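What follows is chain A paired twice: with chain B in the first complex and chain C in the second.
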Partner chain A sequence: MNVGSGITYLDIAQRRKVRNNIFRVIVIVLSVITISPIILIISKLIIEGIGQINLDFFTQLAPDTFQAMSAKMSGEKIPGGIVNGITGTLFLVLLASLMAIPVGIMAGIYLYENGNKRYAGFIRNLTDILQGVPSIVLGIIGYIWIVKNVTNGFSALAGSVALAIMMLPLIVRSTEETMKMVPESIKEAGAALGVPYHRIILKVMIPSSFSGLMTGILLAVSRIIGETAPLLLTTLGSPVINFEIDKPTSAVPLLIWNFYNDPNMIDLIWSSSLFLMGFVLILNLISKRIIAHREKN
Partner chain B sequence: MKSEKITKYVLFAVSLIILLIFAGMVFSLAGGAMPVFKEYGLKFIFSADWNPTTGRESYGALPFIAGTLITSILALLICFPLSFSTSLFIAEYYHKTRVASVLGTMVDLLAGIPSIVYGLWGFYALRPVIIALGLSDQGFGIFTSSIILAIMIIPYATSLSNEIITMVPNELKEAAYSLGATRFEVIFNVIIPNARSGIVASYILALGRALGETMAVTMLIGNANIIPDGLFSTGNTMASLIANQFGEADGLKLSALIAIGLLLFLITAVVNAIGKYIIKKLS
Partner chain C sequence: MIENNIGIKDPVLSIANLSIAYDEKKFAVKDVNAFIERNAITAIMGPSGCGKSTLLRAINRMHELYPNIITKGEILLNGQSIYEMQTIQLRRKVGMVFQRPNPFPTLSIYDNVIAGYKLNGIRLNKQQRDDIVEKSLLDVTLWDEVKDSLFKKGTFLSGGQQQRLCIARTLAFNPEVILLDEPTSALDPIATAKVEELLVDLKKKYTIVLVTHNMSQAARISDYSMFMYLGELLEHGKTEAMFTNPKNPKTEEYLTGKFG
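Now for the complex of A and B:
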């Protein structure tokens, strides 16, 4: 059949098919390009970093620039590890969690219980905006609130306050979403037995949504654990292990930043980054496992 | 009954903490920014002159606002074809297949990489490529930062787009297929028109992420306090300026940096609010 100027319906059908196939190939190629950075980044970290990881890496303090320089001059491996960073990161995460988890869970339960009220909607919107606040701005907040006014100097507390504000919206929203999945009937069963409201929360709602709450917490921790920017403005870093909340503290990302800025210690950046990323990935995998497990049941 | 009331009050009081944190943040940022706005007024926002040398001090935020907007929007443009293709791959072409779930997991992994690691990778792996291609002498600048930013926001753009694309009703797609439409035609005539506002929202939220990214950009943008004059020009974003200069700042300079923090806070809040508003209207 002829549709003018010598083009047949068959040609049009052919052209549609070709266009369809070309687009499919473009989609596949661009998708492969999209995931190539993750492969390149992980392999770079492993190739460059694995050699530095040994027992010392987890048990020794970070070297100073002279130790690193003399090791380099004599062609040896840079001595030392990142134990002050590891303990610092754990300490900061612990402090931030102590602040963010109770507040986040209770605020999440409040939002769930008062779902449609205007005030709850308002708080929900604030939580959403809080979630989008850049971490560097939270660093400024930690500086103004704590460094300037409470500890009169850089401190673990200042850093953990900034990190806690980062965690808070994630925990609030995940708590609310998880609570929605607790069947109304078991709560009513508790109420019918005359169980007081706070005990229903503690003994029914929190236990039955435990895996969901745990996932939210793990994801929140995995988001803050690699944060560098707010810590630069608040905890500063420290060459020794510190567990005092009013003193400067090191953290793995801060150590990476120091190594990066010191030509003598540049070799240590990859192993520290590999460690940090491995930590984040493990947290992510655990929470994925929990989600998958829950969906199966 | 009494314990029920107490519990309710306690929960309400905790919800107030969120309000207090938010109000406190706005109050503290505005308070810290006050001296510089008193000194320069709104000229602070529109002046391109940033000079912390004592005696000739002058502070203007324009180079950094420009740097932030240019890098973020460029990142969005680079990110779009990649992440949208990935969304189509995961949510349409290979929906619910094993290969799609592997791809989805790998994209999620991108979200787990700390910003400073992106910075290192950009510095040691991407920058040499930029130099080798002859795009810029040192490899630092707007373009390098935008590429890294684009990679960083891919997971945020795809995860929401995936959901939106999956939500397009099957009946609509099947109706089009039954009329003989090809997949390409279904994507452009059924899926995209139906999912448009959701897709727009997911890219607006991804933009919100890019605006505030700090460490990776700080390591790659070249840290020059100028308005970028080209794709390969060096510059500074609001976030990278704060990260670079906050440590040794006091007096008026500190106030100027806090003011830039306030502006960054406001810009990201507006962008995120628009994104969330579109999503809320969808459901």
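Now for the complex of A and C:
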């Protein structure tokens, strides 16, 4: 059939088919490009790092350069592990969480309750800006506030303050968003029983949005767990296990930085990175599971 | 001045010159005067936006949850002003059930019944708790259905069961008045019939005030009816009298379906 100027419907259909196919190929190529870095990274980490991961890796202190060098020269595996880094990271995350979670949840509740007031909008914008502050700047803040003035030296406290500031905006916003999802009728149910406002928040709202709050916290933790820059200026690193808040402390990313600066320890870079990557991956999977579980109910 | 020409003998609530406004100009309730009879069901009817829910919520001061609300006039519960009572005391005496069943999603059936005590931090021993739970669930005819799954989440129940659980939660405080805001509008006909039957049974012990959209429900179960229109209480009387012989032409138009 003729559609004027000599083009038939068949031609149009044919052209559409061709365009469809071109588009499909472009989409596939682009998505392969998108996922290829993560696949390359994970496979590289596994290939290079798995050899060093054994029981010692989780129970021994990081080796010094001499131990690593002599092991290398005799063709053996580098001895020791990263237990000072693992305990340090967990300690820092714990301290940062103790500071950021209560403050973040309170601020999130405030934003939820007073969402349309001007002051709340101001706080919300500041939170967004805080999220964009480069982590090295927070490291400098931690150095000036805590290292210089409070602990008079590099300390776990200084590092965890910097990390807590990084966690804060994520927890504030996720708290606000989850609270919004709790139906208004549940609050009314509490009020109708004469429950005072603060008890409704504590005993009704927070338990009802627990899974959402957990997800926000886990994502915030996975965000800070690999941070190196702020820790370089605050906790410095330590060759031993430390659980004192006013002493320098090691962390896995700090160890990776140290290993990188020591040509004898290359192998430990890969295994430590693999460990860190795996840890973040597990946190992400757990939070995904929590979300899926919540949506099912 | 509250008129009492409809034969109310023992008013538990007296509402005098009650006006409620959400802002200076917009009155939701205008100068309402009424007595509410003890141990009877009073139905508040009227088209959407007539102020019936606001009036109901004013009785246990739930309307104060809205910001900038203006309330004038007086409500007396057994002769005592509700504005002089603490909200917790008032809400223990005047319970409320909502349009959609709203059991606390994180609490078990058992804990939902005693939620009023639990959330207010009122300590009870195990025997007291068990007694209150059993008695309240028996009162709402839910005991036989849930006695083997008391520690499951309340949200696993059907809609009708959840609504009866919410009524049980109110009964646990042993209130004098129960306010219900369209309690069956989210339920299927069978569940609705059960709740209605329950309300008729409960009026022996409690005073019930019910907001309803459903005229036939008001006709079926209420003893007294109030008809509200644009915030005003146009007619208040014995349900039978009002449905057979409405005094106000607007009431008649509403009851015969001319608007609504």
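Note that in this section the second predicted complex is superposed on the first by the 278 of 297 C-alpha atoms of A that agree within 3 Å, B and C clash if a C-alpha of one lies under 4 Å from a C-alpha of the other, contacts with A are read in each partner's own complex, and residues count from 1 in each chain.
Keep this in mind: contacts are C-beta pairs under 8 Å (C-beta built on N, C-alpha and C of every residue); 3 or more make two chains touch, one makes a residue touch a chain.
Given the structure is predicted, the values throughout are model-derived calculations rather than measurements.
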Chain B versus chain C as contact partner of A:Ser185, first or second or both or neither: second
Touching partner for A:Leu61 - first (chain B), second (chain C), both, neither: neither
First (chain B), second (chain C), both or neither touched by A:Met265: neither
Touched partner set for A:Pro196, first chain B, second chain C, both or neither: both
Touched partner set for A:Arg19, first chain B, second chain C, both or neither: first
Which of chain B and chain C A:Pro207 touches, first, second, both or neither: second
Chain B versus chain C, judged by how many residues of chain A each one touches: B
Chain C-contacting residues of chain A that also contact chain B: 196
Residues of chain A that touch chain B when the two form their complex: 16-17, 19-20, 23-24, 26-31, 33-35, 37-42, 44-45, 103, 106-107, 109-111, 113, 119-120, 123, 125-137, 139-141, 143-145, 165, 168, 172, 196-198, 201, 222, 225-229, 232-233, 253, 256-257, 260, 269-270, 273, 276-277, 280-281, 284, 288
Complex contact set, residues of chain B against chain A: 3-4, 6-8, 10-12, 14-15, 17-19, 21-22, 24-25, 28-29, 31-32, 81-83, 85-86, 88-89, 93, 103, 105-110, 112-121, 123-125, 151, 154, 182-185, 187, 205, 208-209, 211-215, 218-219, 239, 242-243, 246-247, 257-258, 261, 264-265, 268-269, 271-273, 276
Contact footprint of chain A on chain C as seen in their complex: 60, 62, 65, 87-92, 95-96, 98, 100, 102-106, 115-116, 118-121, 155, 166, 169-170, 173
Chain A residues within the chain C interface of the complex: 183, 185-186, 188-196, 199-200, 203-204, 207-208, 210, 297
